[in-house]
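In the two complexes that follow, chain A is the common piece, with chain B as its partner first and chain C second.
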Partner chain A sequence: MTSLIHSVAEALSPLASPFLSLVTAVVLIPAARQARSTRIALARLFIPVVLFMLAYHGLLFLPLAARWLKALESPVWVAILLVVLPAMHLPRNGDWRWFRLVPACFVALLAWGIWQGSRSVPPEAPRVIGILVRPGWLIAGVASVLVLIQPFLSLNLFRRAVHITALCVLAAGGFMLRQDYTDFRDMRARRTVRRDVMNLSETSPVMGRDGRLAYLPSAPCRFSPDGGYIQGCNMELSQRILQLNYRKIAGHDVAELGALEAVLAAFLSFTILSFLVARWCCGWLCPLSTMGDGLDWLRHRLGVTPIRAGPATHAAMLGSGGTLAGIGLAMSALYHHLDATGRAFGVRIPVFPFCKMCPSQQICPMINAGPAGYPPLPGTEWAFGFFRYGCLIVLALYVLCFAAARRLWCRFCPMGMISGLFNRGGSFMLRKDAKRCNGCGMCAEACPMNIGKVRDEMQESNVSTYDCVLCLRCVAVCPRDGCLALEHEGHEVTRSHFGTGT
Partner chain B sequence: MRGDSCRCYSHPHPNPHPLGVNPRDEPSRQRVCLSIVISLLLAAAIQCAAASDTGVVYLSFAPVDADFINRLPQGNGIAGLSGNIVALGQFNDAAFSVSGTEEIGVIGPDGTNLPVHIDKNSMGVEFGRLVSARLAFPLQGDPLQEQGRSYRLVWGPGRGKTAVAADNWTVDPDATAMYRVFRWTADPATNADSQLASIEVIADSQAGYYSLWYLVPMALIFALLTIRKLHP
Partner chain C sequence: MTKPTSQYDPRYRLDPVKAPNPGARKRARMAVHHLDETMRRITRRPENIEWFESLLREGPTEDSARPPVGYFCNMIPPELILACGGRPVRLDCGNAALVQTGEEVLSGEICPVAKASFAMFLDPENPVHRCRCLVLPSSCDAKRKLGEVLADYRPTFTMNLPAEQDAGRYLAAAAKELERLADFLSRELGTSPSRRRLMEAIDLTRRRTALVRELDMARADKPGALSVRDFFIMIQSSFTGVDLVRWEKEVGTVLEHTRKYHQPRERLRPRLVLTGAPILWPNFKVLNLVEECGADIVGDTLCTGVQSVWDPVSLDETGYGALLRALAARYIFAAPCPCFVSQGRRVSRVLELAEERRAQGVLHYGLRLCQLFDVETYRLNRVLRQKGIPFLNLRTDYSLEDTEQLRVRLEAFLETVEAS
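What follows is the complex of A and B.
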């Protein structure tokens, strides 16, 4: 039976390929939409998919191609292909009723997986161990729950639901959700060891040789002591790229080649994801921005008017973020110059310099362990106190940016800066029908990024901008039917609708 | 719950059906579509269920040749295995990833755990996980003579506990007849002579180009992005 399951799983492995999701979104769905009949549309969708799967299996017989394809497989893509893309592209008519069976099945499977996980707990285990579930089940199940509840919520409520869910799963997942009991026990064991954060290279492995998620998603930062993580931080990957020893790679060093391959696989997967969703993750998923929105809510409750930063402040934030990223990356490039005392040219440098200042590395451990989880401050011996005071200054900046203004921090975040490249030209597009616009300016008022283009643009229909986090608050408040809309590969996902609060 | 709020998603404007026609007109097509989707879903669920950091592969064996032996460290053979027919090979299955050598084991045809000797110098570690290693273990008889006896290589927490890392892992070039190279059959991609170590294949012959497998698709995506930025 086990071998049969493995055979079936292997046969369906192309579904976990990012290339299939990319091709389906960019080519197949738009082509099917142009079809004159259902038969042709289905043929345009499914025949290429079947051909893709056959070609995929053919390539698996070539060792290097197999290695490449397997390194890119992830259950995230199964969820995107079977749940997220249909949810965005299927119309809300009779088809939608039938489609709901798909996420419903995933939710049922998630429940079954959790039940199976609970049954596997030995009797001697402590009473509270969180939830044991495999990453694939969790990702597909959570996405399915959100897809199922979406029609009953307004856009604003739905965004909050996604925010809270992502915060629970991504930030606290490493603590609450584990793959199996052994994984849970390992996590508990790690918590008993006091860590030297400046020498920490990583807390737990996140990707196996095949690139599949080996652990449950946790904080956006992999340095959260409880481990678990989706390989999603392009800054960490950038540092890893710079740390590689290219002299060894040129000499065909096996270990270094393997490390290069793992990083490139993660980068490619991240690039495809960025193409499909751009900065949508910043507006809907990022736990740091969710916590920042909490500060924003607090400020609002206290009646403090937010600062509306001007272009000079925005430029300063962008420049500062770029400079900090540059310093961090430059330091990480010194990795191979470190001597036995961890010094390069007399300066003591940590393994991941940028990460040591990132607020995520400071905040996320506290989600699981409370204030006691705050990592020890680096000593002044690290780059003459640069990291000790740098991490405190950046943390203070994070709090200040969210407490005094709205998402000012998101102009500073290097991760968002890179994702922003995909806001124009990627799959998502914020569209404006200028003929319907009455120039009321509510979109600009609602925008947490203080973007004026949506209000001011009267010629071009594409109003996506580099800074936009696709939170869709502008669409929600727009009082004109169909004036603003979010499109994915030319298909309208949602639009402004007067009177409903969208 | 806001029943009216969902109108924004099911807006009445003339948005054409993504599949071109109203499916209500063709219920049978709808059912076919639904069946395909559900089948894919269930199959995907099976795939999700199968994904795990434990694994098992079935082994088969072949005689070794001089070229194979010449690629391995040579000496007096592995201590403790003399007198046995010994299976050798580099194991680097795509799904293989363990936290340590103690999570690797080989189970013989009679169900007993066989001692596995791992070449310390061959271990490939990525992000702290062991993903590739050269193994040797004694065989129960000669599998070339006794077909049909199955050996399994297992890995994962609690699966092995019979493997040890050996500092002096060598093969005796004068005892070629006592060695067999193992292959595994879980993954068709590695079910070939190249199983000896695809990572070594990369290292030896194509290392300079292998990063292009990732860089070229990335370049294509950025090219597509640029084109779409210029011609929205």
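What follows is the complex of A and C.
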């Protein structure tokens, strides 16, 4: 039985490749949509997929290709290919009910996985361990639950649901995303290592036994309670690329080459995901924004009007965020110059200088440990106090921005700056039908990033901008049916629609 | 003794001119009666239409503790008046008989709406004198100057509008102006608008929008289900200060009535989009003509028609300042009024309606002496011609003298529409 499941999973492993999702989203689905009949559409969709899977298995016979392809595989891609892409692209007509079987199956698999996991847990373990579940089941199952509840929620409520779910996966990720009980025990053993955020082993990737990571862009931070399988910070990846010792790589050092391979594979996977979703992750997944939205929600409930920053502040945020990111990354390039006392050229710098400045590193450890989890402040000996005061200032900026100025912080965030490159030219497009626009300007009023283009653009239909986090508040608030819409690869995912609920 | 506001120079305040004129009053009643007679000939009317008509004739009957507040134009947010504890009553008057009385005192060279509206104040027995205070925007020249005249009668606030509908530049200024209006209202009514009350009022008007949209879509689908004149009466009756919850209930009945309608066969009557100056009860001359000539109005951009309530106030932020901004966004920046620098709003709405409702032609109602609408026909006419949509401009006023002339022009237009 187990070997049968294993061989089926092995046969279906091309589904976990980012390339299949990319090809499907960019080429196959648009081609299928142009087909004259359903039969031709299905043929255009499935024949290339089968060919791809055969070619994939063929390539796996080449050892080098196999290593790379295996490194790129991730359960996130299965969830995207089988659940998320169809949910976005299938027309919501009568046939929609057939598609609903797919997410329903994944939810059933998730339940089965939890049941299986609970049976493998020895009785002396705490009862909560029973919900251990394989990463693949959890990721696809969670995506499926979201797809199934989406029709019952308004756009704003759905976004909130996605936000909170993503935060839960992040918080419980290290604990729940485990292959089985032994894997869980190993993780617990790793966590007995003393927490020291400045030169810690705690921050080094806590991988599963297969050594693979599931990458999400701009979402979970590895400093969440045992970052587990889900990693996805493009800045962290950049940092790790810079930390590599390229001299050793030139000398064919096996360990260093392996590290380069892992990071590059992650980066490639990540870039494909960024192309497909751009800054959507900032608006819907990012744990920093979820927590910041808590502050924003409080302000909203109190009826305090948010501060609307002008273009000068925006430019200052962009400039300072970029500069700080540059400093952090430059410091991380000194990694292999660090001596035994953690000094490079006489200056003490942490192992992950960029992470040490990021508020996520300060907030995420508190997710399960509470205020006690707040990492100890670095002493003044670290880069002449730069980290002691710098991280406090950045944290204060984060709290202040979210408490008073909605998403002003997101103009500072370097992760978002990178994802934003895919806002225009990527898969998502915010479309405006200017003929339907009444010019009221509520889109700009509702925009947490204070973008004016959606309101002012009256000629071009593409109103995506570099700063847009695709939170779709403008779409939710637009009073004219069909004036604003979100398109993915030319297909309308959602559009503005007036309803009496707000 | 009314308190002068700082907007008008108190040194030159005048005693209000009042001229009891039983003849004019009678002629005004005759105009209403005349319309009632015409409307009776509509074949399919909702059974409770009499309730809506009585609102326009006599105003809401139920005794309300809320003091009425008169306002002009569709650019004054009634939500603000509701939130201040007032009852918003729109005072724009369409009674042809009152034009002349207004003309005698004020001037002959301003638009009939302003003249007729002003004439209501000349009659000491007119219910407008029950209004606690008055609000009007500085939209056109007539409205801009009417404020100071009306300030002699009741405390009046003239709300300044930006000349350009550029929300990016002027939304903050417009919200500031609404804040001033809110201060004026809370001073006059003794209640300040709280966030909660504003949101309740916005919720009320959003429900009205939803109902009107539903009816409008039903009509666009089957225009025979409800006469556009009855529809206008229903919409305009919601501006009389009636309790909107009660109004909603009655509209629900009409909605049922509309749903029951089965179009006997394919309807061959030409479908038209109506745009232009406000058509105010009881001056339904053009609407009467269109339906009598055998055409259907399937959409309009009138500030007294479906368009007046089509756009809801959208809510995102709920702070007091943000609510005022949302009101300004909807009432000032989304208004298809010709008093602004660009007429883009209205042209695109007309084009959208023509396409979406499969209209065969566009009818423009130009009110004589309103230069703003008049000038706008220059561009509207040419843009529509480029798109191949037939366009007719009917320039007229409240008097019934030119009815037959208009009928001839309209019939000729409908013939070209049907031929194309």
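We take it that the second predicted complex is superposed on the first by the 451 of 502 C-alpha atoms of A that agree within 3 Å, B and C clash if a C-alpha of one lies under 4 Å from a C-alpha of the other, contacts with A are read in each partner's own complex, and residues count from 1 in each chain.
Keep this in mind: contacts are C-beta pairs under 8 Å (C-beta built on N, C-alpha and C of every residue); 3 or more make two chains touch, one makes a residue touch a chain.
Remember, predicted model here, so these are calculated numbers, not experimental data.
K.L.:
Taking chain A as the common reference, can chain B and chain C both be placed on it without clashing, or not? Answer clash or fit.
P.N.:
Superposition check on chain A shows chain B and chain C fit without a clash.
K.L.:
Looking at the overlay, what does A:134 touch: chain B (first), chain C (second), both, or neither?
P.N.:
A:134 contacts chain B only, not chain C.
K.L.:
Between chain C and chain B, which one touches more residues of chain A when both complexes sit on the common chain A?
P.N.:
Partner with more touched residues of chain A: B.
K.L.:
Touch check for A:329: first (chain B), second (chain C), both, or neither?
P.N.:
neither
K.L.:
In the overlaid three-chain picture, which partner chain does A:366 touch, first (chain B) or second (chain C), both, or neither?
P.N.:
In the superposition, A:366 touches no partner, neither chain B nor chain C.
K.L.:
Give me the angle at the C-alpha centre of chain A between the C-alpha centres of chain B and chain C, rounded to the nearest 10 degrees.
P.N.:
Between the chain B and chain C centres, as viewed from chain A, the angle is 150 degrees.
K.L.:
Give one of first, second, both or neither to describe whether A:399 is in contact with chain B, with chain C, with both, or with none.
P.N.:
Neither partner.
K.L.:
Looking at A:456, would you say it contacts chain B, chain C, both, or neither? Reply first, second, both or neither.
P.N.:
In the superposition, A:456 touches chain C alone.
K.L.:
Between chain B (first) and chain C (second), which, if any, makes contact with A:121: first, second, both or neither?
P.N.:
The answer is neither, since A:121 touches no partner chain.
K.L.:
Which value in Å is the smallest Cα separation between chain B and chain C when the structures are fitted on chain A?
P.N.:
Minimum over all C-alpha pairs: 10 Å.
K.L.:
Go through chain A and flag every residue that touches chain B in one model and chain C in the other.
P.N.:
500, 502
K.L.:
Can you check the complex and tell me which residues of chain A touch chain B?
P.N.:
Chain A residues touching chain B: 2, 5-6, 8-13, 15-16, 19, 22, 26, 29, 32-42, 46, 57, 60-68, 70-71, 75, 78, 82, 86, 89-96, 98-99, 101-102, 105-106, 109, 113, 134-137, 140, 150-155, 157, 179, 182, 201-202, 204-210, 212, 214, 249-250, 252-255, 257-262, 264-265, 267-268, 271-272, 275, 421-422, 424-426, 429, 462, 482, 491-492, 494-497, 500-502.
K.L.:
Give the list of chain B residues in touch with chain A in this complex.
P.N.:
1-11, 13, 15-24, 26, 29-30, 32-34, 36-38, 40-53, 56, 92-97, 99, 124-129, 131-132, 157-158, 186-190, 192, 194, 198-204, 206-208, 210-211, 213-215, 217-218, 221-222, 224-229, 232
K.L.:
Write out the stretch or stretches of chain C touching chain A in their complex.
P.N.:
Residues of chain C touching chain A: 165, 167-168, 171, 195, 203, 206-207, 209-210, 213, 311-312, 314-322, 325-326, 329-330, 333-334, 336, 344-345, 348-349, 351-352.
K.L.:
Tell me, which parts of chain A touch chain C in their complex?
P.N.:
300, 303-306, 434-442, 444-446, 452, 455-456, 458, 473, 477-480, 498-500, 502
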